[in-house]
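Chain naming follows the written order as A, B, C, D, E and F, and within any one chain the residues start at number 1.
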Amino acid sequence: MNVELVLSNLLNPPILFFFLGMLAIWLHSDLDVPQPLPKFFALYLLLSIGFRGGVELHKSGINHQIVLTLLVAMAAALLVPLYTFFLLRRKMNAGDAAAVAATYGSVSAVTFIAATSFLSELNVPFGGHMVAAMALMESPAIIVGVVLFRLSQKQSGSQSGGLSWRPLMRDAFFNGSVLLLMGSLAIGLLTGTKGEAALHPFTGDIFKGVLCLFLLDMGLVSARRISGLKKLGAFTIGFAVLVPLVNAGFGILIAHFLGLGAGDALLFCVLCGSASYIAVPAAMRLAIPEANPGLYVTMALALTFPFNIIVGLPLYMSVINSLWR
Amino acid sequence: MNVELVLSNLLNPPILFFFLGMLAIWLHSDLDVPQPLPKFFALYLLLSIGFRGGVELHKSGINHQIVLTLLVAMAAALLVPLYTFFLLRRKMNAGDAAAVAATYGSVSAVTFIAATSFLSELNVPFGGHMVAAMALMESPAIIVGVVLFRLSQKQSGSQSGGLSWRPLMRDAFFNGSVLLLMGSLAIGLLTGTKGEAALHPFTGDIFKGVLCLFLLDMGLVSARRISGLKKLGAFTIGFAVLVPLVNAGFGILIAHFLGLGAGDALLFCVLCGSASYIAVPAAMRLAIPEANPGLYVTMALALTFPFNIIVGLPLYMSVINSLWR
Amino acid sequence: MNVELVLSNLLNPPILFFFLGMLAIWLHSDLDVPQPLPKFFALYLLLSIGFRGGVELHKSGINHQIVLTLLVAMAAALLVPLYTFFLLRRKMNAGDAAAVAATYGSVSAVTFIAATSFLSELNVPFGGHMVAAMALMESPAIIVGVVLFRLSQKQSGSQSGGLSWRPLMRDAFFNGSVLLLMGSLAIGLLTGTKGEAALHPFTGDIFKGVLCLFLLDMGLVSARRISGLKKLGAFTIGFAVLVPLVNAGFGILIAHFLGLGAGDALLFCVLCGSASYIAVPAAMRLAIPEANPGLYVTMALALTFPFNIIVGLPLYMSVINSLWR
Amino acid sequence: MQVIKRIEIITDALEMRAVIALLEAHGVSGYTVIKDVTGKGERGVQSGDDLTDVFKNSYLLTACPPEQVEEIVEAIRPLLKIRGGVCLVSDAQWVMH
Amino acid sequence: MQVIKRIEIITDALEMRAVIALLEAHGVSGYTVIKDVTGKGERGVQSGDDLTDVFKNSYLLTACPPEQVEEIVEAIRPLLKIRGGVCLVSDAQWVMH
Amino acid sequence: MQVIKRIEIITDALEMRAVIALLEAHGVSGYTVIKDVTGKGERGVQSGDDLTDVFKNSYLLTACPPEQVEEIVEAIRPLLKIRGGVCLVSDAQWVMH
């Protein structure tokens, strides 16, 4: 792994604020980012990244490769929860396995955003359609997870109270973050450079600053969850670090195969390797109440997220750099 | 109505985010802008529009026409609740009629701000004193509404618990939004171009972005209220669309008569045609508890507001364009 | 006192918004900045001032004079609570005296920030290490206050439940504002001009605007506390105005002696003369529950803070101007 | 522990200032308020999602001596009649300190 | 004053919509909800500090006639069984207006 | 349904951490907390509008077996003595699930 890349990442202010948040918890500080401020930052970041992605897509236009990338992204989001479910079933009950599978099949918007900030630090360009890929990858894993759970319930003969599909579909495809992302992307696509001129000071100039505040809070939240790791076994902890690595690796290979640029490749690999801790937990809590959120949220927040943004970003980028040259 | 104007308005990002908010409700999404974020955006928008209006006024200076415009604006805010009250009395009890009359006599700051954003999209200038006109038009209708209610109570012989005028005056003239608007205007007027240089990145550059977030929430709030329309009769619904049209029409005529520029004319007509859903409801709830907020808030939020910003802005502008040339 | 300086300060938009906040309370307006918005602005301001201080320090490097200044600043923060405690003991019980002493020994970050905004209005430069001085001056007074209280309790023979030092140290040195300030300073120092380029639109351009919103709220909070002054005696009120003056005076002399520039001198004197109402009250409430927060918070918020930002800033600056020339 | 009465009042957020003034006028010296409460009643849903506080409630709890209850209840009743809301009275014991 | 029962339900914030639907289906016409409540129970700590509402509770209070209690309690019990949470019933008097 | 006691504690927001630690040390396994509560008592108004949490309360509710009440009350009493606040105990029934 290239030392320069590691430093570029570590000296990126948002990552440093993430460390500051973790430090605050370890020092038992009362530093706090009270609700609903984190929700505000999340709204802002999704709106901005979506809008800017739409504007870029407006500029680049939509071609065959973009359509192919989006289809492959969705396929990945369907396959990851499938294979991980059967892996997880060896050590977990069906509910937990399904929820964890959905978590890792879906994506982490914040990891994606941290990756775009890393790319801008390196001056590596990326395409606006990757934002669309992210939005498309959020939902399928939720459906797959719930279907797998339902099937294994039927097999084991447990009575299922008759799952209502409509609220599930709604929670999967129209949940707040997917809708805001998709909507902002569409607005960026529609308003193009004129919209960009009007909104750039808001969606662009101050973006990295808001990301710092948000990652400060993520550091707090993530470090608070670390105490929950004690209750998880070695299998679970190993899963939370290795499966992202494996998924990211596959992501890089696919990106190479599709002929994506280096920037798009990093984003694609980060989408495959990241785990959701906003949209999926809320959907799982409602659809699979038997699953323990202390498990899937802790894995995603206390391990996979920090691993990806601290180790993953420079690691994936150095692999990509060596493959792409 | 000019197609170009309609498109200019519909492709203005804030309006598109308003649609996105409505869409979220129709799709039963959990997209939400939690409190107190909407209040934050409202504070920001009032402070910014007030400050910038003050700076413009500092630059333009105060002349006869400006003073005349302000006086006419106040007169309009006194007359509208008077005539609408007697119109409404045919179908409503005195409390509801007075509250609705006050609602339509006062102004909607967000409609005004959307109109300024529409004007900036069209590169049509407007004067800083129009912000002062808005601030002056907020309060009189509240007083008129309550006086009309009191008088009709006396007529009908109902015992009135003895209205205390002081809290009413305070709620009308010193309510938060009026005070912030007036205060920011005064600060802009005092600090002029020096203040502008210091604050423009905050009050100007990111303004349209914050407006997008705010209108996203307005879309949510407005669409949530639409279900309340079922309980309203045809008269009420007709009133909520036609009276703004009539008031806006009179506004255009008066603006023409006063010789205002096209930008100022649009703002004046929007002030006449819009209905308050922030300052007035709070004041009415306290002063006329007999009135049903499910009526006056629903009319203003679910009908008049969307009508004005979607249909009204391009319609009024095309009328103005044809009259002013 | 120079008229021009007074006007420069009074026509600085943040100060005007402070007046607007006070005015709102006097007019019994319902203008409000709901929680957690003030905490958001505070987080933003601390992060920004810390980061920018770090970047400046990165540019200037650390020299002997800087180290000396920091050491003297800490010494001041240790001495002020000592001398004021014995002064206060004449009229107050040990708990109140210790808490007030700690309040005035520590610093007010908002006064400091208002001073930097005043300096930028005057185009007078200041060093990034002054932010470090502020961070270092927050905590010592807390420790001194509690130790003095404990000692006087022992003397008077009261049973002390055995103070636990660890939480006290944590509350003093790792409280949220100290940690965020220090952390942001470190991040600015680490990322230097590259970080500045990425974050300046957020931490710099919109800074004064956010400060306006924050001081609007401070005006509300401060004016609400003024009613509490009636319960305080002449000694207390005199203390809240005179002791800051005395401390600021000593601060100017020390700054002169150290050979600081005019900008650094103003900041140093403001640190000496200001009183804490964020970090210290929270720590005192936990460590000295016997002390009455209605006393120490009211003194700092309703008297010392407005005095410093309205009268103090131009007064101290004109003294410095005459001494430094 | 001392026998007391818990009085709970839920009403329009905008009205809470008047309720408190009334309680204090009738000798209530302690109370606790929870703002930003939503609910549903005769007057419809108070969803709490608007820019005004028009569709929002507040909740107030006061513990008072049993003999004070009647006076307070009678004082608050007319207000609830005009403005809507709920007032519940229940038994409890107060831990003296 | 009329004798009523106070029913308090504390459960997952995400679940509150279902609880309210259930109550309304069983004839409850009035209730009060406090969002953003934290706590601890069999299912661990609900700290309320995440971006999702997964670790957050809501609190609901409804005053209803004594004869309605059993129906409501039986309706709510299965939901609490699956989703967790607490339901308390206590006596109170309702100030009529 | 099982007979239990509702214990309500209202005290300084900054103090709530200590209260919870105390309760847990005395075997309380479940509780619910409402932050950001305002009020008035012997120590004056807690208006909740400052930057610090110095003038803010928190509200805690715990349902516990009647035999546990005395221990808890005795544990909490000294804290309330120093720090202020209110502790109310009332009867209720717990819906088992």
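Note that contacts are C-beta pairs under 8 Å (C-beta built on N, C-alpha and C of every residue); 3 or more make two chains touch, one makes a residue touch a chain.
Remember, it's a predicted structure, so these values are computed and weren't measured experimentally.
Novice: Could you tell me which chains make contact with subunit B and subunit C both?
Specialist: Per touch definition, common to subunit B and subunit C: A.
Novice: Please tell me whether B-D or A-C has the greater number of C-beta pairs in contact.
Specialist: A-C
Novice: Average the CA atoms of each chain to get its centre, and name the chain whose centre is farthest from that of subunit C.
Specialist: Max centre-to-centre separation from subunit C belongs to E.
Novice: On a C-alpha centroid basis, what's the spacing between subunit C and subunit F, in Å?
Specialist: 34
Novice: Please work out the Cα centroid separation of subunit C and subunit E, and write it as a whole number of Å.
Specialist: 46
Novice: Express in whole angstrom the distance between the two chain centres, defined as the mean CA positions of subunit A and subunit B.
Specialist: 41
Novice: By residue number and range, which residues of subunit F touch two or more other chains?
Specialist: Correct list: 34, 36, 90-91.
Novice: Multi-chain contacts only, two chains or more: what residues does subunit B have there?
Specialist: 35-36, 39-40, 201, 205-206, 282
Novice: Which pairs of chains touch one another in this structure?
Specialist: Chain-chain contacts present: A-B, A-C, A-E, B-C, B-D, C-F, D-E, D-F, E-F.
Novice: If we count contacts the way the header does, which residues on subunit B are in touch with subunit C in the complex?
Specialist: 35-36, 39-40, 43-44, 47, 51, 170-171, 174-176, 179-180, 183-184, 187, 190-191, 194-195, 198-199, 201-203, 205-206, 282
Novice: Would you pull the subunit A residues touching subunit C in the complex into a rising list?
Specialist: For subunit A paired with subunit C, touching residues are 11-13, 16-17, 20, 23-24, 27-37, 40, 121, 201, 205-206, 208-210, 212-213, 216.
Novice: Write out the stretch or stretches of subunit F touching subunit E in their complex.
Specialist: 1, 4, 6, 29-35, 61, 63, 90-95, 97
Novice: With touch defined as at the start, can you tell me which subunit F residues reach subunit D in the complex?
Specialist: Per the stated touch rule, the residues are 8, 10, 34, 36-42, 57, 59, 73, 76-78, 80-81, 86-91.
Novice: Across the complex, what residues on subunit A touch subunit E?
Specialist: Going through subunit A, the ones touching subunit E are 35, 38-39, 42, 220-221, 224, 277-278, 281-282, 285-286, 289-290, 293-294, 297, 301.
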